[in-house]
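Structure first, commentary second.
Just so it is clear, A, B, C, D, E and F label the chains in written order, and each chain counts residues from 1 on its own.
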Amino acid sequence: MTVNVSRHAEGSCLVKFGDTHVLCTASLDTGVPPWLRNQGKGWVTAEYGMLPRATHTRTAREAAKGKQTGRTQEIQRLIGRSLRAVTDLVVLGERQIVLDCDVLQADGGTRTAAISGAWVALHQCVARLVDAGTIRTLPLPAQVAAVSCGLLDGVALLDLDYAEDSTAGTDANFVMTSSGGLVEVQGTAEAEPFTEEQLLRLLRLARLGTDQIFAEQRRVLGL
Amino acid sequence: MTVNVSRHAEGSCLVKFGDTHVLCTASLDTGVPPWLRNQGKGWVTAEYGMLPRATHTRTAREAAKGKQTGRTQEIQRLIGRSLRAVTDLVVLGERQIVLDCDVLQADGGTRTAAISGAWVALHQCVARLVDAGTIRTLPLPAQVAAVSCGLLDGVALLDLDYAEDSTAGTDANFVMTSSGGLVEVQGTAEAEPFTEEQLLRLLRLARLGTDQIFAEQRRVLGL
Amino acid sequence: MTVNVSRHAEGSCLVKFGDTHVLCTASLDTGVPPWLRNQGKGWVTAEYGMLPRATHTRTAREAAKGKQTGRTQEIQRLIGRSLRAVTDLVVLGERQIVLDCDVLQADGGTRTAAISGAWVALHQCVARLVDAGTIRTLPLPAQVAAVSCGLLDGVALLDLDYAEDSTAGTDANFVMTSSGGLVEVQGTAEAEPFTEEQLLRLLRLARLGTDQIFAEQRRVLGL
Amino acid sequence: MTVNVSRHAEGSCLVKFGDTHVLCTASLDTGVPPWLRNQGKGWVTAEYGMLPRATHTRTAREAAKGKQTGRTQEIQRLIGRSLRAVTDLVVLGERQIVLDCDVLQADGGTRTAAISGAWVALHQCVARLVDAGTIRTLPLPAQVAAVSCGLLDGVALLDLDYAEDSTAGTDANFVMTSSGGLVEVQGTAEAEPFTEEQLLRLLRLARLGTDQIFAEQRRVLGL
Amino acid sequence: MTVNVSRHAEGSCLVKFGDTHVLCTASLDTGVPPWLRNQGKGWVTAEYGMLPRATHTRTAREAAKGKQTGRTQEIQRLIGRSLRAVTDLVVLGERQIVLDCDVLQADGGTRTAAISGAWVALHQCVARLVDAGTIRTLPLPAQVAAVSCGLLDGVALLDLDYAEDSTAGTDANFVMTSSGGLVEVQGTAEAEPFTEEQLLRLLRLARLGTDQIFAEQRRVLGL
Amino acid sequence: MTVNVSRHAEGSCLVKFGDTHVLCTASLDTGVPPWLRNQGKGWVTAEYGMLPRATHTRTAREAAKGKQTGRTQEIQRLIGRSLRAVTDLVVLGERQIVLDCDVLQADGGTRTAAISGAWVALHQCVARLVDAGTIRTLPLPAQVAAVSCGLLDGVALLDLDYAEDSTAGTDANFVMTSSGGLVEVQGTAEAEPFTEEQLLRLLRLARLGTDQIFAEQRRVLGL
């Protein structure tokens, strides 16, 4: 992870997990969405995109097609939910932070890299608010990170690249907090169903993976 | 569940789980999507919709707004994936079956009701193909069903209605097969993270719930 | 016709005219469209939709295509106009009622079934406003109902099903009030033009048809 | 009416009915829509548009808004239907003619002016096919024309301008053929319903109006 | 050029440059765009369209396709910029003028005809504001006009028609003011690059062309 | 400029001109657009995008809004035209190359940086085709590069940053070839018109600027 990669954003982090490169920026917005007005609470939301040639063969540009795919919308909702789960929206106050996660190069695990990097950008953005005296305390009670893992011929593997991911029988994503909680568990059988025991094995592997990411997040932020 | 509720469809099932009513129809299409042509395999896909006044307050009509929400796209992808996990696409041959799941009335758990009912409509549709001699054997090695459950003040509950769902700390959906496998596990913390032990408790509860649905599916189909 | 088929809506009616089934709900909206503000008048509008497999072969979902067809827009404008013709918008006051008419199964005459059922849902919705003391008197001076009819080999027939409708030389819809007035007359020659005398014959037939519907509307509402 | 106003089109007619000016062009297309292929029949279709400042106050441009209004789609379907009612599609053969009707200036009755002018442009286009020997005989067994009329304080009036139209209690459009037939009858009560007798009075008035247009159509085409 | 061709618009001009016919109207809007509010300045903007059969073969209608092409957007931005360059927006005050330029028939040079005609419509619109005493002085310090020119086999030609334009090696548009200034210079090599000397030759030719248009603008406005 | 920044693309170049960073990738497509089929010629086209927080304040994501702005479309048309002007499409043969130019960070001059970098990516892509023996000779007879310049208080300046660009009276872009030709000249007066002499001064400055870029292009490609 590298921070301060954007000159303009209130927080930014370039995540490189293998050949997956995601640029995450945090933008501070002074208002909140209409349905949240006058409730003394803030909001954290995310948008996700992928450059057309981030992938092995070129993917059509969503802006040119005129709409975001279901996959894009599903991912950006997941990123937003994951970050809100570790944000104290009351402490944040009536302001919104938008996390833009743009995949420059993809090789599996783009959504989990995005979540892990977006937390760093979000931290920079809210730390700046604390430094400026705008809010009293850091509204981030815990770190959040995510990993993808899967079953390849029945063997549980962490952080699959694209080639592994395509052939994996089961694909799972775990979003976890540094305080030991689970924010999101998604396990999907691509071809044949998986067992409960396999789910537990993936869960243990994911815990090991997110612990490494928490350490890296603290390192780049100097915590 | 009630079957044969549509005069035109090749398979149909009206699911009423509490105040959640979903109409599922199966439509046989003679071709497959372009990217699957000439591979000797079929496809199963799903579309999901909700009538504007299925909800407590009226929801804007997606056709009028000119696009489907991210939630709709996420759900219809889930339904399609769940059904494909129990369908032998090679036995099905080069034809596509579209499952339309339309929510007439909603009170929580619409996506899980849709999956459970869509399997019944799909079964009717492929059984008809077997009866007509178009395909040799039933391409459905197992049943699939789904339940939603959640943690309400730390207590695991099955099949939450809308009021419970809104206040639940964690919301989970499990898609399971009658042969004991897991097809999809989705657990989401709404406010504060959940623990691994809570995840396992929800899993046990879901198994009990889907077993009941498998029995109901067999009953309406006379299996 | 069956009323109270929706748990959430302020008024609801399921119309079954032969194999044509339309679910009509009335939703009360506290505001009026921007161009009508501060004029002391209300508004009644309608939206129309058709489930993909309401038809003999599956019709593409409008929400998925990203726009409503011209036919859909034409029909929902007709429904709205027909209901406004029998509503006293001043008595209704500054509130809007949205009628959603969704075709669950189609076999000809969906727009006329929608108008006839929507009036029942509208009646329930405004009666509730009167009961609550929100408005003084019922703003519905008359009933409104619609029938489709046509010329099949020169013979005037009422309420054509899909097969008859497809082969009819002329297709007509009449929207009439219980006080003997005409709200809308639409006659269309599909292949060869029709004569004035034939138009009059269709008109007489339509009067007989709407009289039956007025009786049914009064019956389900207990008027 | 003035013909040959477009240098490029296969047929063209500028209609000026009072302050309503509509430019109608006919374009010959060598193919037919996919659903009509290999049936030995042709197709006639229409598109309708209005320049933004054709109206008293500027109307938003449909191309800029990204979609056609329901009104536009309703009108262009009406124009297409009206012309097909007097076209022998078998004689026309497997080719399509597109009529573009663009309102340069509006003062009521744009759809009826469009139909009346489009027939002239269509006639020029098919006459050219006959002249070129592409088709044997003229596939236009009759002329078609349309008029708008309405009830103003109970009095039947022909060809209402915008001011009259806005205050009219009932607004009607009649599409008629030169052989005495009716192609389309549309009568709409804006506020209070109309009677059957009033409908008949409007019908007689419309007949007088279309007879005048038929004469004008023959004059500009030199028939 | 012919003025006062529109009954409704605050200014209008029909430009016929060869077989290119463009109808330009000016519409006065009482508000300005949101980002310009409360700054004591006005705005001038333009929209451009082309009738489907303005061209040799029919072009698809942008309103039907649901979006404007890049070419349309590029042209309407150019027209707006060109007019603003000769408008004193402070004198105009907090009001917006929209210029609609619709091509009735095209044979090359539609954007330059549009700019030249739009200035005339704009002049009529602001003169009317002066006459009404709404603004003190005419906010048009100079005239603006545009010409297209190009290199055909290395020879500089003014005002290319469509046939010449298609084969021209270089295509250029110049927007110039009557006070000798340049507002916009656009030179594009279609196939092989052009030289600086050729650019200068085109510039001289353009000056001659715009001088003629300035004279015509003054003539139709009686200046 | 840095090359080979993308693992997947057939050519790639990251351009950093001051604080403007643009990632350019070239993707080889085996087919050509439908209108160019069977003519023995290839095609070069471009798409342009900007990350939401590339700018000082966040810009709405085009994919989320559902359409590309006019500015985006204008720029990507310019990039495509510029590259085609130095590509021998016959030598390229029936294949298409798509250049994606995505702005990671913006500070003025993004379109000119995109053109200059896209040529490098294009060169890598076609060199690969030559190396593979797919085409005989390099279809790039010259280099192409672009610079932005402008008049700030009457003084001609090269490569304006965002702050300078916003206050510049005139903004110009020049696309030039290494063989001394002009491909595109765009000069726009923002507020008051410019003179012919100023245009010439900008032209001389642009020649100096592009010469530097040509040297840099040769350096990174090792030519």
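Everything that follows uses one rule, which is that a residue touches a chain if its C-beta (ideal position, glycine included) is under 8 Å from a C-beta of that chain, and two chains touch if they have at least 3 such contacts.
As the structure is a prediction and not an experimental result, all values here were calculated from the model.
Engineer: Could you find the chain whose CA centre sits the greatest distance from that of subunit D?
Structural biologist: With centres defined by C-alpha atoms, farthest from subunit D sits A.
Engineer: Of all the other chains, whose mean CA position lies farthest from subunit C?
Structural biologist: Chain centre farthest from subunit C's centre: F.
Engineer: Whole-Å distance, subunit A centre to subunit F centre, using C-alpha means?
Structural biologist: Distance between chain centres, rounded to whole Å: 33 Å.
Engineer: Can you work out the whole-Å distance between the CA centroids of subunit B and subunit E?
Structural biologist: About 57 Å separates the centre of subunit B from that of subunit E.
Engineer: Distance from the CA centroid of subunit B to that of subunit F, rounded to the nearest Å?
Structural biologist: Here the centre of subunit F sits 49 Å away from the centre of subunit B.
Engineer: For subunit A, what residues touch not just one other chain but two or more?
Structural biologist: Answer for subunit A, listing residues that touch two or more other chains: 66-68.
Engineer: A student should be able to answer this: under the defined touch rule, what is the ring order from subunit E, with subunit F coming next?
Structural biologist: Traced from subunit E through subunit F, the chains around the ring are E, F, A, B, C, D.
Engineer: Quick check: in the complex, which residue numbers of subunit C touch subunit D?
Structural biologist: Touch residues, subunit C against subunit D: 67-71, 73-74, 76-77, 81, 85, 142, 172, 176-177, 179-189, 191-196, 199, 203.
Engineer: Please give the residue numbers of subunit C that touch subunit B in the complex, ascending.
Structural biologist: Where subunit C meets subunit B, its residues are 6-9, 12, 19, 23, 25, 27, 29, 47, 49, 51-58, 61-64, 66-68, 72, 98, 100, 102, 104-105, 107.
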